[in-house]
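In this document, chain identifiers A, B, C and D correspond to the written order of the chains, with residue numbering beginning at 1 in each.
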Amino acid sequence: MTALTASAPRAERALHDCRDAYAATLIELAAADPRVVVVVNDSTGSSKLGEFGKQFPDRLINVGIAEQDMVGVGAGLANGGKIPFVSAASCFLTARALEQIKVDAAYSNNNIKLCGMSPGMAYGELGATHHSIEDLAWLRVIPNLTVIVPADPVETAQALRWAAEHTGPVFVRVSRMGVPDVNPAGYEFVPGRAVTLREGTDVTIIATGTVVSRALDAADDLALAGISARVLSMPTIKPIDTDAIVAAARETGAIVTVEEALTSGGLGGAVAETVVRHHPVPMRFVGVPDAFAPTGSTSWLFDHFGISAAGIDAAVRDVLDR
Amino acid sequence: MTALTASAPRAERALHDCRDAYAATLIELAAADPRVVVVVNDSTGSSKLGEFGKQFPDRLINVGIAEQDMVGVGAGLANGGKIPFVSAASCFLTARALEQIKVDAAYSNNNIKLCGMSPGMAYGELGATHHSIEDLAWLRVIPNLTVIVPADPVETAQALRWAAEHTGPVFVRVSRMGVPDVNPAGYEFVPGRAVTLREGTDVTIIATGTVVSRALDAADDLALAGISARVLSMPTIKPIDTDAIVAAARETGAIVTVEEALTSGGLGGAVAETVVRHHPVPMRFVGVPDAFAPTGSTSWLFDHFGISAAGIDAAVRDVLDR
Amino acid sequence: MTTAPAPVTVSASAPVAGLVPATGGGLPVGRIGADAGRDAVIAHLREGARLIRRSDIQMVHAAGLGHIGGEFSITDVLATLYLHVMKVSPDQVADPERDRLILSKGHAAGALYTTLAAAGFIPPDQLATFMQPMSMLNGHPDRKKIAAVEANTGPLGHGLPIAVGTAIAAKLDGSPRRTFVLLGDGELQEGSNWEAMMTASQYGLANLTAVVDRNRLQQGARVVDTNDLEPLADKLRAFGWEVVEVDGHDHGALLDVFAAVPAASGKPTFVIAHTFKGYPISFMRDNVAWHHKVPSAEQVALALAELETS
Amino acid sequence: MTTAPAPVTVSASAPVAGLVPATGGGLPVGRIGADAGRDAVIAHLREGARLIRRSDIQMVHAAGLGHIGGEFSITDVLATLYLHVMKVSPDQVADPERDRLILSKGHAAGALYTTLAAAGFIPPDQLATFMQPMSMLNGHPDRKKIAAVEANTGPLGHGLPIAVGTAIAAKLDGSPRRTFVLLGDGELQEGSNWEAMMTASQYGLANLTAVVDRNRLQQGARVVDTNDLEPLADKLRAFGWEVVEVDGHDHGALLDVFAAVPAASGKPTFVIAHTFKGYPISFMRDNVAWHHKVPSAEQVALALAELETS
């Protein structure tokens, strides 16, 4: 995928593993509220919860490699008055325990927080079994479940704090691949609310999670070519911010979605359904197309699938047909 | 949901349980090909496979109440040269064995046929745990999996025969609630191909499976009010018939989808994604909204959610704004 | 702290043959405390179970849906727990310190509802709404609609992991509250149960009691012909549990078993309750056809007559 | 019908300290037939395993990714199966009558790939592409890319159900072909395994052999500290399997165990292979840190030196 425009110069940006914010925030929440517990499936290390376990050994519940049990135990802990954060690789948490998520978490309205770690293609070389790119499509349709995809460490921490306060089932995707800070100073996460990171009039790029920074880069590049792209960050996939989407459709006339997920069913699907209901406009979808990914590192796969400033740029030009 | 127009008179139509066509076709296939076997999870009776078991006792493999095992065993049988039809209530097959469907069936490209019995709200009164209304959204996004939702017994039989011939993973939703024959005499199922059951110019109703007859009824009613509705039956959800959808959007300018499933992510989602990509038009979605259903019989729930001629009629008028 | 016995109403009248009253009549029977004396408790449980079964079969008949076979096999266990053993009462359903029961075999919801009605947790007149549109009495229990329901079940193999979670919560709280979970025997074919058993053993959950309704029948066939569980006690013991076998229709024996929990060993306890599907009705008992068959009016009348003398 | 022994190449040269060759050198070693005599077979397997480990550690080092600890614990089992026991050879990978091995602990793909290379199923030069873009050597095995791979694994708890399916297929065909499945011990915490064990027992799958790599370590901790499996043999026996315990690094003992399958009892066989994660490398052995740690060039050199004398 080659860029159609020259790249704008990029500022040097430190990259963060959102699991660090995750781990620190859980420790903070646990220190403040004795009801906070964590449930893992032999995933203490991959969730960076070693320090949590040192500080709260009884409150780190490791059920072993048993995802159905893990979510069920989480539901039971919620019944027993705890606030469980179930922390497991997103691929296994969602694919292996989907009925428990549907029934024990959502349908039962239990106060359980499901934390999908290292989602998307964070485990690039490990292959399709370890890619969690279906999770947004699978979870978004489950009633009564809030689905959050933070874009940077600050948003991760805020989303977790909100989840701890909120009574009810929540899924949070906690990213492992390095991301820069994308939200402005003083940012406050509001569930269900899109964030306008850049104003624009020709097209709107709606991105979620790890790819928000790439959407911003693409907007920089497009500006050089005289294309004014609005950039919306969409941290909540469910409930989706219908107003922001409809305004984008109405005001900019075209939408490109970007996600570290399948192009079907997830953010792109949610936006498409909203758009045709309220204000039909042309759309393009950047993400993983309908295929199992080949072997490759995360960054190689991002480029391979065009989940990059260049790929977004191309999708914008395609939807604008110029 | 009350009809906005008078109902057209309906012809008396015999209703069929598609499981009968299912059972008869599996016996026919098994008689013709010794590789055909069936795998069940204590679901012999609910799959109407008693007679199959009598005729082919060794080829009805009952693993007990163990869905993960069931799909894995099916994958292993395929590896061993068999053509396994895995036959279980759609709710449990899809929610409980989703990772096995992703990995052992689709990613492994095994020659396995997954038969989701009694899907949708066939188990109305049994509640949301037994409703399989997420299955289309969940399975449609899995690469390399063909997803078929037959509308009547003839299509059920033809889809199964095609699945047996086709090498690769296939999911077929086998309906339990009574449906009339909707396809014309001489009908032939073609995978990936929509069927135009009625021509029309003002709007297109795209329906799948059990609700196709309701779409036809709604078109009858709408005709009385001078609204010309095209009716497309969409037996294959994946791959979706892009050409038929785009033609409908272009030629009729508005689309209403109808499914015994959530209004998000399934047929409606697939059509919305196609439309915004190729020819954006306004859409409405008839199905189960984003909620767990209350207690009630199948027919009560259909009416409750407006998955009826009257509900479709209302959705059409809403999308046409008249 | 067992709650004081509620007034015992034993007013069920003999049924008019062929005529099916809307509910069992005579519910609620209420809970009975330990101070009543063992014989009185057993008599109360026997009568309670009889009235619950009366109510259940009529309810299933009226709804035209239900799982009467697997409901009758667990009625005595449920009656023993809710009418006496468990520290939970209608005014305590939100008390964090309540004992909990999770009906993992959620298809037997009818037995749970009629037991909860008998114990005063839900108004008996609600039983007439079983499976009706917008009823709180869904085909499988829904905790959002009934406060006394601890978990939404229906898909098999969910209850034991949840029970492990409530038991860990109690242990973290240093609370003596107990968790009970009732499973089907066919249900034990679900692997999630064995995951949960390992966790329960690892965490030393002596406060957790699982009861398996060992009626030897599942949906479509005998368990032994589907996916045998034997040697079941050996399996459970190898998974680190205390195992007790009991006649699941003998209230006195059930009382003894539940009184022995938590086990001195610190292990969780698995009770193998030997039962009969459809017990004690002659034409239902041990008959796989009665998994979800709905009794006709005549069959209800026959069953009610048999229950009179049971 | 064991295939004739392929020419044995034992040309591995001692490594230059600090210098890591691209692959192990000397692969493939080929299969050895029964007619070679037991001592020759054992010598061949020992040398094969040594070369496989050489190759594997260099491959993992070069890729900067892999699960070397859990690969070294199963190398001897894999070598025994692929270099001698199993009736499958490179020109037979599509033969319906081949024996099958399913690597359920798919994270140990590196051991499988190097073993397949040693046995001639994949070109040794492919090993240099491990984990690289578009490689056939993915982090977990993919049967669409490698004909000798029977199942795409990686998520734990998938292999045994699949193996049950291949074994039922063989039984339906009246074929003597055998199925082997290799699992991790931590993996046995997945309930799907226990479901499959019940099915295997019910179907009397004597043609099925499961091997558990009993290295007593899982990803983040010791098994006993996570979710203990003991008494493991009792569990497996209670689930209807023959149980054999063996030193999983002793090729002769492994040969004896596999020769005894199918068991006369008609039951499936579970082999508890007692192993060490990271065996035989002094600084890796029995050390949980080596689950997916990648060895430095110095560590590779040290390990290769230790392998010379192993």
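Everything that follows uses one rule, which is that a residue touches a chain if its C-beta (ideal position, glycine included) is under 8 Å from a C-beta of that chain, and two chains touch if they have at least 3 such contacts.
These numbers come from a predicted model, not from an experiment.
Trainee: Where the contacts of chain A and chain D overlap, which chains show up?
Mentor: Chains that touch both chain A and chain D, as defined above, are B, C.
Trainee: Tell me which chain's centre, taken as the mean of its C-alpha atoms, is farthest from chain D.
Mentor: Here the answer is chain C, farthest from chain D.
Trainee: Between chain B and chain D, what is the separation of their C-alpha centroids in Å?
Mentor: Spacing between the chain centres: roughly 42 Å.
Trainee: If you average the CA atoms of chain C and of chain D, how far apart do the two points sit, in angstrom?
Mentor: Computed from C-alpha means, the inter-chain centre distance equals 47 Å.
Trainee: How many angstrom lie between the centres of chain A and chain B, each centre taken as the mean Cα position?
Mentor: 30
Trainee: Please work out the Cα centroid separation of chain B and chain C, and write it as a whole number of Å.
Mentor: The answer is 37 Å.
Trainee: Could you tell me which residues belong to chain B and also touch two or more other chains?
Mentor: Within chain B, the residues that touch at least two other chains are 63-64, 66, 68-69, 92, 95-96, 99, 103, 107, 129.
Trainee: Scan chain C for residues touching two or more other chains and write them down.
Mentor: Each of 142, 152-155, 157, 189-192, 195, 198-199, 202, 226-227 in chain C touches at least two other chains.
Trainee: With chains as vertices and touches as edges, which is it: line, ring, star, complete or other?
Mentor: It is complete, because no pair of chains fails to touch.
Trainee: Considering the complex alone, what residue numbers of chain B touch chain A?
Mentor: By the definition above, chain B touches chain A via 92, 95-96, 98-99, 102-103, 106-107, 128-129, 134, 137-138, 140-144, 255, 262-266, 268-270, 272-273, 275-277, 280-285, 290-292.
Trainee: Please give the residue numbers of chain C that touch chain D in the complex, ascending.
Mentor: Counting only chain C, the residues touching chain D are 189-195, 198-199, 201-202, 226-229, 231, 234-235, 237-240.
Trainee: Could you list, by residue number, the parts of chain C that touch chain B in their complex?
Mentor: Within the complex, chain C touches chain B at residues 63, 65, 106, 131-140, 142, 152-157, 186-187, 189-191, 218-221, 226-227.
Trainee: For the complex, which residues does chain D have touching chain B?
Mentor: Touch list, chain D to chain B: 96, 100, 142-144, 150-155, 157-158, 160-170, 172-173, 179, 191-192, 195-196, 198-199, 202-203.
Trainee: Which positions of chain B touch chain D when the two form their complex?
Mentor: Contacts found on chain B: 37, 58-59, 61, 63-64, 66, 68-82, 84, 99-100, 103-104, 107-109.
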